[in-house]
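Naming follows writing order (A, B, C and D), and every chain is counted from residue 1.
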Amino acid sequence: MAIKVTVWNEDSLAETAEAVRKVHPEGLNGTLAGIFRGNEGFEVRTACLADADAGLSDEMLEDTDVLIWWGHCKHHLVPDEAVTRVQRQVLRGMGLIVLHSGHESKIMQRLLGTQCSLRWHEMNERERLFVVEPAHPIMKGVPPYFELEGEEMYGERFDIPAPDALLAIGWYETGEVFRSACCFNRGYGKLFYFQPGHETLRSYYNENVRKIILNAAAWAARDRSMDRPLHSEFAEPLEAKRG
Amino acid sequence: MAIKVTVWNEDSLAETAEAVRKVHPEGLNGTLAGIFRGNEGFEVRTACLADADAGLSDEMLEDTDVLIWWGHCKHHLVPDEAVTRVQRQVLRGMGLIVLHSGHESKIMQRLLGTQCSLRWHEMNERERLFVVEPAHPIMKGVPPYFELEGEEMYGERFDIPAPDALLAIGWYETGEVFRSACCFNRGYGKLFYFQPGHETLRSYYNENVRKIILNAAAWAARDRSMDRPLHSEFAEPLEAKRG
Amino acid sequence: MAIKVTVWNEDSLAETAEAVRKVHPEGLNGTLAGIFRGNEGFEVRTACLADADAGLSDEMLEDTDVLIWWGHCKHHLVPDEAVTRVQRQVLRGMGLIVLHSGHESKIMQRLLGTQCSLRWHEMNERERLFVVEPAHPIMKGVPPYFELEGEEMYGERFDIPAPDALLAIGWYETGEVFRSACCFNRGYGKLFYFQPGHETLRSYYNENVRKIILNAAAWAARDRSMDRPLHSEFAEPLEAKRG
Amino acid sequence: MAIKVTVWNEDSLAETAEAVRKVHPEGLNGTLAGIFRGNEGFEVRTACLADADAGLSDEMLEDTDVLIWWGHCKHHLVPDEAVTRVQRQVLRGMGLIVLHSGHESKIMQRLLGTQCSLRWHEMNERERLFVVEPAHPIMKGVPPYFELEGEEMYGERFDIPAPDALLAIGWYETGEVFRSACCFNRGYGKLFYFQPGHETLRSYYNENVRKIILNAAAWAARDRSMDRPLHSEFAEPLEAKRG
């Protein structure tokens, strides 16, 4: 059965800036959805903030196995109730892949409990990503390291809890490092944060970046057989008290 | 310099039920503060929900190195703004020790991102806690295992992220287990969750429970030399781009 | 392509005691191999200490994706060179599942660096295993908890490094707890330790135990695309020194 | 009571090469011991491979709270029995700080179970270390990042188990990154690996490197109140079987 992927962006195609459209003719949603198109293991659709319910209705989320999140300038415009709906779905088992500037989205902060802040500058500089957990399924088929010709610099300290698995570390030409691929388990769901993807650059066309996003979607996909209550439950004693 | 401990309870002494006062004549705040009194390494005071600013003003928190939290029936009455103040202080370095029924407090959920739900029943049953990380400073001086004659049962699955360190596991007479002592690093601060402490029972008089709470306060105490910004920062390049 | 499983036991069928044969007519190797037989995703064979090269030749290991290990009384008879061969294969990517009394095998100690000691007694008592990471692929399809009518007690403290993932905790009738299902990543390989399986008892016929062993074999299976050097390598500079 | 530190080197002062003596007039042992001299919290002495029992006798180790290890070319000359003695002491609670080229020492491999291999070249290049766990006691007083004017490059993938805490990541001028400060708990003891310290360079005179080594020694120091058996123990039942 195909994994149902929803790619969410803060901008609709109409709202997407010219500089972004030059690189992503169908918007970031189009480029990201393209990673999954033609791959029979996945069904993909897109949503954005301007859609009804911020593009994050219960019905849509309930029908989503993995949500891919790209946002930057409009984090504060995402309604708290929509964030609560997404959080609840993750805790119930939906996978969530947060890309690049989504590090400071409300949903990332909500699931991790920290600010997720970092150091940054935008100089279109060279980045090289080194895989530190090569046996993790998300890194399957990825070489020991690979380069991105231009990226925005995101540097440490990245204010996150220690990830459940740290998969890759980025080196930047201008002298910084970053934990660029991090896995977190939360509730019955999984969160993968992946740093590449400045909107005017071409990282999402890089074959290793694409492979990692595909692998991550397979890794994070919801397992519906594990849909269980999230609230505390009164439990009848399993053994008698001894007195 | 003494570590400044604030013990917070949802109930004032006046609000404390008769059944609780029988065990804790000065309320849970009194019993918990008593763990620190007479120990020259600590200065202790108490606060409660009925106080101004829910007993959690910026001034008080700013002057606190470790906050100890006991709440149960009034989680929903703690104002969100107070929770935000506490979260911010933890991320800036304040220690937080959440006890027993505080597992479902807003502050615990806020810092961990999960529901922190569990299985439970209240049968005043025997619990035995086994130390699994004996070399951790919080377990210094604690024997390999110890017993509590009566506790409320808290059982797995406990809906928390995998702790940064799991220190103890509880066994219950009625057939359940629990990750009863868990450390989490968040921002520049530390969170310790410790399961014992049903309000009508005597766990806080147990010498090992007291030792663990004392050790945890020393471990979690704020280090003011580490007070640093929490927001993302623009960074001038540390090295020139190569072109 | 089927996953190649080799089940290894310290005893050949001829060496297997009468009391064990009553429960395992084809020996523990037969019962464990039976978990995989008839499942088209796996090819299974067996080996034992009495075989040439202690049943652990380079050729056989090289042709194995997951090795399942059951040993108890003959740990000291396994030649160090055989242990070195197995360790090397794990670091290169072979999966290893160590069962029950294998906790103190040389290969477990070699890969973890600790004694892997524990508290024990043998009273054929009730155990109940609670799943603490339900979203892990090894726990797919397993209920929140399940019971084993009789087991040998293995209790904490279990002298292991903190596992990369702790999947289940066991409760014992006689008052102890145990980290009963633990994942460790080592080199390019994966190690899963699973506590059930006293030789005269019926745990390996329990459907949840069988499901966990099957899932673990799929999780740990070697990924040959990741076969990479294990030794340190001289690296030509990826960027010029700046002087 | 002062923490007893023993600094061990593979070379005696007489064996130390001229190029090393230029930087370390009393040898690496002298420079490293100098970090502790004059600090009343520590008592320090030195040992080397040419000493009786490889400088690692049971008596000396038993009287050591933290062992600091610097080796490079003579790893293979350290007798296996000496490695076993050190391992045993670590498991019983002795702290171990492995520096720089000690990453491939037998004792590091023994305690971690992996090859601890890496990528390297020696170009006396600039390194910048970024702290990722600022609240850890080992990083107390250390700025968010600091530079070493010249180091040997050690690059990922570093073949270690995921550390129990990753404290710092190094950036190198020639395009690589490294997990340069890693904590591991093993048995009742603690291991800290710290990457700086090529023998002909001046990293051990850097104030932040010195601070980290001092902090690490305090963190890793043996707690004699926790001296407990390492072997498996028969346990009388803590509760009666129910039948």
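Here, contacts are C-beta pairs under 8 Å (C-beta built on N, C-alpha and C of every residue); 3 or more make two chains touch, one makes a residue touch a chain.
All of these numbers come straight from a predicted model, not from anything done at the bench.
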Message = Show me the overlap between the contact partners of subunit B and those of subunit C.
response = A, D
Inquiry  = Which of A-C, B-D or B-C has the same interface as A-D, meaning more than half of the contact pairs match by residue number?
reply    = B-C
Inquiry  = Nearest whole angstrom, what separates the Cα centre of subunit A from the Cα centre of subunit B?
reply    = 31
Key: Multi-chain contact sites of subunit C, meaning residues that touch two or more partners   = 128, 133-134, 144, 155, 162, 164-165, 173, 175-176, 185, 187, 238-240, 242
Key: Footprint of subunit C on subunit B - complex, ascending   = 128, 130-134, 144-145, 155-158, 162, 165-166, 169-172, 175-177, 179, 239-240, 242
Query = Can you list the subunit C residues touching subunit D in their complex?
reply = 87, 91, 104, 110-115, 117-121, 123, 125-126, 153, 155, 159, 161-162, 164, 173-176, 184-187, 229-242
Remark   = In the complex, subunit B touches subunit D at residues 93, 128, 133-135, 140-141, 144, 164-165, 173, 185, 187-190, 223, 225-226, 228, 238-239
